[in-house]
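Structures for review follow.
Two complexes, one shared chain (subunit A), two partners (subunit B, subunit C).
Up next, the complex of A and B:
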């Protein structure tokens, strides 16, 4: 152990040890990447030279144009001659929409339950913690797969399932934040003024805890992105003719010997997106609040 | 550890299992006619009637519920319509393959994650620390299916060192075990680091330094046992999640375990097989949690003893 470490281990620290700061270059690149990804998703129609289901059987499994493939197919083509770049931007759009929708459902549901548990306490509180315990007893992946098997696949069910992933984190967070907010002067004052609880929570408490919620949403998003692409990769999530990043990898996997780019391109996009969101989330947490640091 | 703690935990585990059975029962009833889903479409009418009577589907819902639980207790989960065998048999014959992979993956995770976390905590803010944290962040951003594909591209296709799929030899185990292991190693490293940092700042570690104990002794004899609770917790979670992790990795590497069975069963909507897997997953999770609870009592005698709170 170096001297410095001995010194730091001798100095009593009241707070839990914090991580070092992430270099700002990394944060800027992560934000830059996310901005580009968002723009690609929004302007997919403009950017994509081809439709995401346009087949051209004469141009099957052609390498990217920078590796000597045909001009115009920047990232090559897949087994049906579909342009990988075009599919990629559309997949990014669908994957992001679904991941964000799932996250918002989970955050909304969890936040609502958190508010209810914190307001009514007692039985409501007990019920929430029983529900959380129960959710922890079944691995989420298996639960989602079972639901897909029992009810059959539909995009609505799929998004709902993604929404159920991680709701308990929001519920627990909001419950704690609301319980402590209830003790604060401004809530007390509003209550004494005779405001309805819904108004107090919705218009006064919620804006005050929005920062912590936003941080938690950013921290949860990479998990949802990876879950969505994982299920779609297995062929149990987004179904053709729609496309998603996971679905592209699942297809491309079968042609790895001859056309590795069909799987590697979407894989890299998932990896960079998840990584960027994680970095930005950590950065937000350090900036906005310390209450959610675990 | 006292007996009451043990009994309470075991009862809780049983309660969770009953809740899971109930939950599956409700989901199945919401989804439609259970007979149509449990039996193949071309089942003769008299067999359907037999099943209806055996599962008591003509009875009121609470009677059905009781009989559902009793058939689950007897290990009767229905029949796989792929090959007509009991679903339980179809699932259990895959357990060895998944257990082998899961165990190998856990060993990789511990061998990489524990030393990395300890080293990062010891040399806080050093290059090692940064490297370990970067590894943990990167490790959780690469989905396992993509990491597995990259491994196959590198070791099977470019270098031709390892077979890309199957389970015939030990060489087949290497890549899937590393794929599962490195993902979990990232988690273990992160928790070990945080837990060790916490312990290293405690007064008794200062005393150990002042007494001139050698580094390895301080780490293995003092710091690690005291940092063990969060680490054991996270390892328990990893063991409990073994089945979910296997789903994707087994598919990537064509490993003939429960994970791959899950995917084919879900795609074919083989409800009997899927519900068996759900129970097995819940059982794994509950058993892992129970084991962790028991370990707590052994690692920290204050937990679960009647004098809890006073000994501090």
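Up next, the complex of A and C:
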């Protein structure tokens, strides 16, 4: 602790800068990929040479231009002559929006339940752990299939289902973090200052556990991306005319032998996105764990 | 109107229940505080002393209404604290504050100390047109000698400085009662003196009342007006500070005093009273009769059967011992 030495002089000082280590090549390229993916998603309309539903039946299942296909179709075309690259950037946009929305719903819901359980303990706590056991006992993919088949497909229901996937991880994490924050004493101290519990949890405990939550979000996001792709692949997620990465693989599956690029391109993007998020999440966890414990 | 004590605790008890195990339905019951009665006047300091596990801290929490008593009543002025709930309870916090042994645990590690003091002022609506919350915060920091430290984070301050921040926060709230739970025992001796002197100074200036929980009798002697000695959840002796130190009646008090390293020869009790031995008995199954009988050098038959009640020894001095007034020669068998 180098700043311990300067404590004796009471003058306001700037926060000590964290010694910033340059991440490894692997992490840097993961970050780079995520940045590019995010830019592609945001600027999909600018980047895409064609609309994601523009059909051109004269150019069906053409290979990518670098493999001798027609100019302008960088990654070839699919069975309806739609440009794979254009569809890919739009798919990335929809898949990411849905995965992030689902993650935020799950994180918000789980965090709220974790706070409630840790605050009220007793019955509330037991109800939460019963709910978690309940969730653990349900094969989630089959539950999602059943719900989508039963209630009919809508984006809202789909995103909610993705949110339900993994909420219990946040609930358990937040419950534990809040309980240990209570043990640390500052929660009791704040309570005794006459603060409302909402203020204590929202303005004091939440900022203190935000680092751990962020790490958990990055660890959960790949799972949600893959779940979204899986459900869309099975035809129960995003419905045409919209598009998503999983949907693209699902469509391309039939032409794997003759036009592999229709399935491989979105598959590669899913793989790289999930891998990059995981790598960055791991890196973030290593970086944040030391400082969150202070 | 000021003859009414600021805080009265009447027959206060608090039990904790623990499960023994998976297949044992019997609960382990620990009476952390048992039938404790005391009153704290305005501008007065009452010290609670005793070993770890004697129930001092629990008594402090009960006194603030941070914990509900199993039985008994705590009144702040005339208000029964256990009857306060929700908003009324939160509003009452303004009057009574606590200073903890671990000063870092009382402060939010991610907020500057100035912001934390300002937050208290705004939550309790203490700022007005003349004094903004920032002015009040600066005032409070100035009073504890930390003016200009408002932009510091708790981890950038030393333990003594953090403790002063906690005091500044209580001052900013205009608290009247402060429970100090071992406020100086984690600090260096020189810093201890600063904090104790600051507490005394603030008491003189603002008429604060302190419930001062400590095991350090030297600090207690310096700061407190009266002392209550606790053993296994009960008060065994209570008197003015001078009385306790010069004329201790309970053998446990004598033993505690004898355990203080003597600097001057006047209070060298060690030459007269043997030190007690052994550990504090299991609070879940306290000894029969007098709780101190297992370790008492003066133990007598009656001590094993009848629990002594607090009796008046004259001059505001109460003691719970069958052997009061007997010398150790007369008392031992």
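Simple rule for what comes next: the second predicted complex is superposed on the first by the 265 of 294 C-alpha atoms of A that agree within 3 Å, B and C clash if a C-alpha of one lies under 4 Å from a C-alpha of the other, contacts with A are read in each partner's own complex, and residues count from 1 in each chain.
Quick note on the criterion: a residue touches a chain if its C-beta (ideal position, glycine included) is under 8 Å from a C-beta of that chain, and two chains touch if they have at least 3 such contacts.
Small disclaimer: the values here were computed from a predicted structure and weren't measured.
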| item | value |
| --- | --- |
| Which of subunit B and subunit C A:152 touches, first, second, both or neither | first |
| Partner chain(s) touched by A:184 [first = subunit B, second = subunit C, both, neither] | second |
| Partner chain in contact with A:192 - subunit B first, subunit C second, else both or neither | second |
| Superposed model, subunit A: greater residue contact from subunit B or subunit C | B |
| Touching partner for A:46 - first (subunit B), second (subunit C), both, neither | neither |
| Which superposed partner A:207 touches (first subunit B, second subunit C, both, neither) | second |
| Set intersection of subunit A contacts, subunit C complex versus subunit B complex | 8, 10-13 |
| Contact footprint of subunit A on subunit B as seen in their complex | 16, 19-20, 23-24, 27-28, 30-31, 37, 122-125, 129-130, 133, 137-138, 140-146, 149-150, 152-153, 157, 194, 197-198, 200-201, 203, 205-206, 209, 215, 240-241, 243-244, 247-248, 251-252, 262-263, 265-267, 269-271, 274-275, 277-278, 281-282, 285-286, 289 |
| Residue ranges of subunit C in contact with subunit A within the complex | 64, 66, 89-94, 97-98, 100, 102, 105-111, 120, 123-124, 146-153, 155-158, 161, 169, 173 |
| Residues of subunit A that touch subunit C when the two form their complex | 3, 7-8, 10-13, 15, 184-186, 188-196, 199, 204, 207-208, 294 |
| Interface residues, subunit A side, partner subunit B - complex | 1-2, 5-6, 8-13, 16-17, 19-20, 133-134, 136-143, 145-152, 222, 226, 229-230, 233-236, 246, 249, 253, 256-257, 260, 263-264, 267, 270-271, 274-275, 278-279 |
